[in-house]
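Both of the next two complexes hold chain A, though its partner changes from chain B to chain C.
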Partner chain A sequence: MAIDSDVLVIGGGIAGISSALAARQAGADVRLVSEAETTLHHASGLLDVLGYHPNAAGEGPVVDPFDAIADLPDSHPYAIVGESAVRDGLALLDDALGEAYQGSYTDANALVPTHGGTVKPTARYPASVAAGLASDDREMVLVDFERLTGFDAGVAADHLAAAGIPADTSAATVEFPIVVRDDAKVTRYAHLLDENPTVTVEGRERRVRAALADAIEPHVGDAERVGFPAVLGVDHPAEIRAELQDRLDAAIFEVPMGPPSVPGLRLEDRLYAALDDAGGRIEAGGGPIVGFDATEGTISEVYLDRSGSPIPYAADQYVLATGDVAGGGIDSDREGVTEPIFGCHVPHPTDRYEWFDEAAFGDHDFAEFGVVIDEMLRPVAETGDPEFSNLRAAGAVIGGYDYPAEKSASGVSIATGYAAGRQAAREA
Partner chain B sequence: MNNTPHVVVVGGGSTGVGIARDAAMRGFEVTLVEKGNLTHGTTGRMHGLLHSGGRYAVSDQESARECIEENMILREIATHCVEDTGGLFVKRPEDTEEYYQEKLEGLRACSIPATELTAAEARAREPYLAKDIDKAIEVPDGAIDPFRLCVANAKSAQNHGARVETFSEVTDLLVEDGEIVGVEVTHESGSGNHVHGVEGAVEEIRADHVVNAAGAWTGELAAMADIDVEVRPSKGVMTIMNVRQVDTVINRCKPKGDADIVVPHETTAILGTTDEEVSDPAEYPEEQWEVDLMIEELGKLVPILEDARTIRSFWGVRPLYEPPDTGTDDPTDITRQFFLLDHDERDDRPGMTTIVGGKLTTYRLMAEQLVDHLAEKFGIEAACRTAEEPLPGSEDEGAIEAAMNEFGLRSPIGKRSAERLGSRTADVLDTDEPNPVVCGCEAVTRAEVQDAIEESGSNLNAVRIRTRASMGNCQGGFCSHRMANELHPDYDERQARTALDELYQERWKGQRHALWGEQLGQAMITYAMHALTMNRDRDPAATEDSLDFGAFDAGPSTEARTTADESAGIATDGGEEGTHGD
Partner chain C sequence: MSDTQRGDTGTDRDEAETESDPPEGYEPLDVFGTTTEMDLRSGADNCTKVGTCDAECPVAEVNDDFPGPQFQGPEQWRLSEKDDVEIDDSITECSNCLQCDSGCPSGVPFSEMHNTARAKYVMEDQPLSIKKIRNRILANYRTSAWLASKLPRTANFFMNNGVVRWAMEKTMKIPSEREFPEFATQTFREWWGKRGGEAASKERARAARTERGEERDADKRVAYFHGCYSNYNTTEVAKAMVRVYESLGYEITVPKQKCSGTPMFANGRVDDARRHAKVNVEHMGNAIAEGYDVICTCSSCSLALRQEYPDLFDLEGIDELAAHTYDAMEYLRIHEDLEAELAGAEVEEFPDVAYHAPCHSRNQGLGRQAVELFEDVEGVTVTDVGDSCSGISGTYGWKSEKYETSMEIGEEMFDHMEEADAQAGMTECPTCSMQMEHGTGYEISHPMELLEAVLVD
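Showing the complex of A and B:
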């Protein structure tokens, strides 16, 4: 007997979670299955909606992403779901994330300093990032740790100045109070700050957070805010920031970094907890969905591969939220590009050498690989007809937009996830 | 007394640096000029095979003999650049017994140690060999790192007083009264180490003799003095796999052909190659069929290659030359030997000698013969010592072991650093500073990156070839910005950013030929990290227009923040919620 639910969501990234939350909210019985860890721990933890207009190379960042949606081409996922789904989806996430995320009080994008040192536009940011926004004119000092190679405060401070931000910037390098291994991961720093053990510094017993503040204190000067690489705790970030703020008498913020990303981990934890609270059932890490049965264009069940044995899962409605070529939702070999579970149509040039641009940051076709959807978010065949009556797609598995260029990743995942989840629940 | 002859060597490939070292050791005053990085030409784009000579044992026995002799010498003088992998010539059922026997006889005739292996013996040694192979011959092939080899030669030349100028292109030959008397050099950024943003300069360097070691570009250089040297550049592809499927060099035992060799190199295995004549050594098509052919053909020897992941492909051009009127049609038939052209004798144009052709494996011999020629010209008696005197990094056999013990380097990271640095390990790693890993795929530490920056300036591609940083699976996705960070504060943010942009583009160039399957996924993650999170593609710092920061969200108001602080005492963001934090 197949494991049964109204709505089965395949994929545990932000699109899958948004779909599951929306379907739950609409009253459906929901199950989410995801192959492995999500890609959220790669991501910066920022939730972008739209930072740049596609096809407007050379233009600056979009101030109001909601305004900009009206000008997008008809095939863009935002154009398909409409501005209201974007707003409603974000509201659903705002609810799930509570005070941990900010930015919902305005439609304007925020410009966030990230670890390379320049700023990027985003719509929602972790509370830990709030005091670092580039439009805030308070003087800042950026701090880095000797052994952490992913963030260099000096480079970042000068880069922010080169970008012309209205605040004065300076930098300081300190040794983390506990000598971590030379190749320790960022999560090691985060856990030490969470646990706050005692260390001996110059003969004195100090807690790690206090010792860290001692080391930074001489560099703060008149600065009203202090920025850290994003390692300020996985479990107790607010407490850590508050303590550092108290000790340094300056606002504390984090600069989002690349993988593995502590804000990404926190976002993942939060969202899974929210889905759990909402009564969604979650099976992450059990194995991939590898096959399906369908009759007359309707999927009856899908199969999860658990160490070689197929486990059937049945549902009335399915949401495909398996990500793009990075997430595993889109596959390719030397011959072509495919959607591996259902074999949905994925348009792509037959010549492999047209999949990319010569310039590293050129206009890459591969970034837009994904399924094509109709107005009900159903993947369609080359003919334009839906591949299956009860399959919808959400997130990066949908093609036709270059999210790294437009800075629209999470926003599209949330909006299409919301729309797909709601529609699936309505029809289940 | 100032009658030391001054020699200008043009070209920083294996041939040029080999000559610079030998000449400097024999007392010449030497200036080496290279238009790019060291290894910028063919030397940085070759297969990494330390030839045993086996490949030429049937068709070109003179080359084969040179190879085996030089192979044995390089194992002694360049230990830290050579890996003794051994090699196999593998016979498949469709390959003829006749050729197999010819190979065996040829190997013996050229004194190349050869042992016959049964299929079972060969497969015991390399378990991924195809099940249906007939048999194999074992030969002393090896793997050689061309980057380390050239850097060590250049360093040795410098230690003997030579001046080495990279990013310095010869833009003209100085000709007076029919004689070549020097070169006009355009420095990309002043002389000395390459530094971004420093103004270029033109310099005339006068010389008693010019050595043209410009590889596939020797013809272009000679043309500056109206001399005709017809180089016949021939391109070849190499495809890099993400892991080392074999630990032995695997050759196909059949007459010349495309895609017949796999060379293990560091953490990867490299498939090669093709042989196609091209008209311009700098501008030629890099074609998909070539990559596909590597995988399909070599899959017949090592079947798992069919499904394995490739991380990039690259092409090189062989600087083949044949004397006028030889008229060979097929480039694979052009000899692999090298030629020494004294333009006084050949063209009535004194002052320059061209050296062209050959192989990396024979670079030392080429240099020896050329410098012998110069020594005779200038009446210098000193004998060549390059066959005995180890290169910097290989001086002391025990040095690697000793340094590894001294630094407690038993971790894989330390081991790999020590392999790269050889006897320089102690000098480079002897640091009291924290020494974190900058490039995770290749386990390259900060001390090595800093050492390379000190040697080569702000150019990260130069750092890359010295350290292998950014040459592993992720192709710089996770580490190129970390490498750029290491430039600061010796170089400013702007220079670091420019260097990063150049490295990133260079890394992209080769990956484009591997973009399917997992490597395409990797490329997407890299693109997301660098464009989506870091916004490097639309960096406001890189544009002229200033941003209207005031139009964007500046965060919850300062006022609200202060009140929250006071009332809550600690929490500024609503306090702790459960154990998940934010």
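Showing the complex of A and C:
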């Protein structure tokens, strides 16, 4: 016996959740297994499609990522699934995220300022960053907190000004009204703003949000918008922004930061809740999938390793959404590069010194390591034939594109996840 | 940053290998060698300082003085590798919930690191005090429970008597706010023995198999690790497990056993834990050799046998035990078609429940199985209250100086329980159950009791 479903999705990132949502929407009984509970805590919360054209170094950001898809090489995942899968996948995510996300009104990329003051082109963004877009010419003041590491408002404001954004920028540093430790994590600030307890500031009893607004108010001046480190609540972000907006008489936005990330955490909560509401089964944190049984090219069961006990999961169709080297979906050692669960073919040069470029930001081969898929999204062997009849791949485990350079990680995950999930459901 | 002593060891080994098998051409050295016992270096080196552990930690969330798991784990491990560095006493603030362990994206073995550091602190550095003595008594709950079970009614009377509790607060720093768990007037093992033990179980299982159309001699056998709590306190959980398993055709054996060690790890008493583990590994191991799999109804017991034992002890058969131990519900999900068993099932007179997944269940990836399983059962709604920590963490909330922290951590869970449309609670962990009852006044049941209500007439 085994724990059973029509479609089993392996991996709990955006690709895995998109696959599971798409398969569920197509009527399949879906189970998602994820090695860790916290995969998206490391995500910025932005959902990009294509920020920069591959092999066009030095050119500016892509204006319309959907237009750019036609120019991509045939081996690019977008070229394989087609523009319609990108659009349909995004629509699926738009439904799941509702008002918490924006950007669907246009095909053009939005330009979102991030914590270093760089601007990231992205297709969808949390509502909390909407007022901060770099294309907006309203004057902004960026605020950081005395002991919060990970966001320096002064650096960000200067960097944005130097990049020539149309708005005037300034910066201020304030004390967060509750004495928090020197290295408090973003979640500590976020939960204090969610709970909004009373604090005593200069002899006055104030709620945390009010006291924070009091501290910022003298720095606002004529600015029409105030940017915060992305810690404005996990559970009640809209309510917190509304209250701060009211108190400061300025639009409020968040500046996305590195991991662990509050917008990533919110994205994770929303996507998992959407999958749960849709009736998808979720099993997270139980351990990695380490083995499988197959007969004549068809996978019958996979095994999750839970402290040495093999836990069997059976399905008609499987989706591999385990990520790239960073996510553990692709492995490498001195002998070569492998896909560790099913041993799918991963093309790579035999000489290890050809895997990378001399320059840190150079054109690295390893960035494009991953499985090769056919038009049905099935990983193929060196011969070009599918490795298994009932295995599809989604997201960064697929090779042939350099997502950090072209800023396409979420979009490829969503589009290939959508396509893989739907096809798996159709055949289940 | 290199550690001379360890570096030398590594060199020795590499030289030895070199002599026996001279490499052709250039082959880089394996810098850190393979891990030896308690060498947590590879784990510490996995840490990328991303801070997810600190962001997940429920203690750091409410206590600004607690340095957090990143310090307690990889950083302190590095520091303690230098001579003359004592373990920081903040290690006792860690509640051993293991959220950091499940949260880490890089596989840092937090559980192992915390248990090792705590043990070193308690066994070597911590000065003797009332609290230290109290911690050892709390850690050895099995001994107290065994004593109390001899005169359960008297124990129940005295343990919740105001004067006695006042005295315990004053002398032992045991918070008088907490209600002591009630001791069963008949332990599970006494009940099991009177019921006919293994032989009777075999008969019942065979009868059930015949009724189910299965082979009379099918190989369906489990060894039950009941732990302390369902033996001395909530015997109804253990009995529910027995009835459910037998009704599905399983023969049960209840081997000799001691405490799983969970409260001992959490209080740094690895000496006590090792002694108990030895008995458990031997007797559960014998059952495994005869073809039994081991099942637990307590999530902390299953975690101890599966993860903490092989992490901390080098005992013959310990990996075998880890690989053959399962949560009781998990085991049925693997070996039975529970979905079919529960299809169209109906239950009467079971209250709707707010379900809390214990941290130690989530750590095993079992946090959602109860909700999934009972989804389609008519007559009961199981509402998941989310991924909060109850805050009691075993013996942690039973210490006066930790009581406030424990309740503050639990606040989120209490709120979510009250928001849920239910007047009762459900969880797998006995101490989470105490905390849930303490914070909401609800009666708390175990998923095995609901499964019994659904499956057994």
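As a working rule, the second predicted complex is superposed on the first by the 427 of 428 C-alpha atoms of A that agree within 3 Å, B and C clash if a C-alpha of one lies under 4 Å from a C-alpha of the other, contacts with A are read in each partner's own complex, and residues count from 1 in each chain.
Going forward, a contact is a pair of C-beta atoms (placed from the backbone, for glycine too) under 8 Å apart; a residue touches a chain by one contact, two chains touch by 3 or more.
Computed from a predicted model, the values in this text were never measured in an experiment.
Looking at the shared chain after the overlay, A:259 reaches both chain B and chain C.
By the touch criterion stated above, A:333 is placed in contact with chain B alone, chain C being left untouched. Note on chain A: of its two partners chain C and chain B, the one contacting more of its residues is B. By the touch criterion stated above, A:48 is placed in contact with chain B alone, chain C being left untouched.
Applying the stated contact rule after C-alpha superposition, one finds that A:191 touches chain C and leaves chain B untouched.
In the superposed model, A:202 makes contact with neither chain B nor chain C.
Touch criterion met: A:148 reaches chain B, while chain C stays clear of it. In the superposed model, A:309 lies in contact with chain C only, and not with chain B.
Of the two partner chains placed around the shared chain by superposition, chain C is the only one that A:281 touches, whereas chain B remains out of contact. Shared contact residues of chain A with chain B and chain C: 42, 183, 259. Those residues of chain A that touch chain B in the complex are listed here as 42-44, 46, 48, 51-52, 58, 60-61, 63, 97-103, 105-106, 108-111, 114-121, 126-128, 130-131, 133-138, 146-152, 154-155, 158-159, 162-166, 175, 182-183, 233-239, 241-243, 245-246, 251-252, 256, 258-259, 263, 266, 269-270, 273, 324-328, 331-334, 351-353, 355-356, 358-361, 364, 366-367, 403-405, 407, 409. Of all the residues in chain B, the ones that touch chain A in their complex are 288, 292, 295, 413, 433-438, 440, 445-446, 478, 481-482, 484-486, 488-489, 492-494, 496-497, 504-505, 507-508, 512, 515-517, 520-525, 527-541, 543, 545-556, 558, 561, 565, 568-582. Those residues of chain C whose C-beta lies close enough to touch chain A in the complex are 50-52, 54-56, 60-61, 64-65, 68, 102-105, 306-307, 310, 319, 322-326, 330, 333-337, 339, 362-369, 372, 387.
By the touch criterion stated above, chain A contacts chain C in their complex at residues 1-4, 36-39, 41-42, 179-181, 183-188, 191, 259-260, 281-287, 304, 306-309, 311-312.
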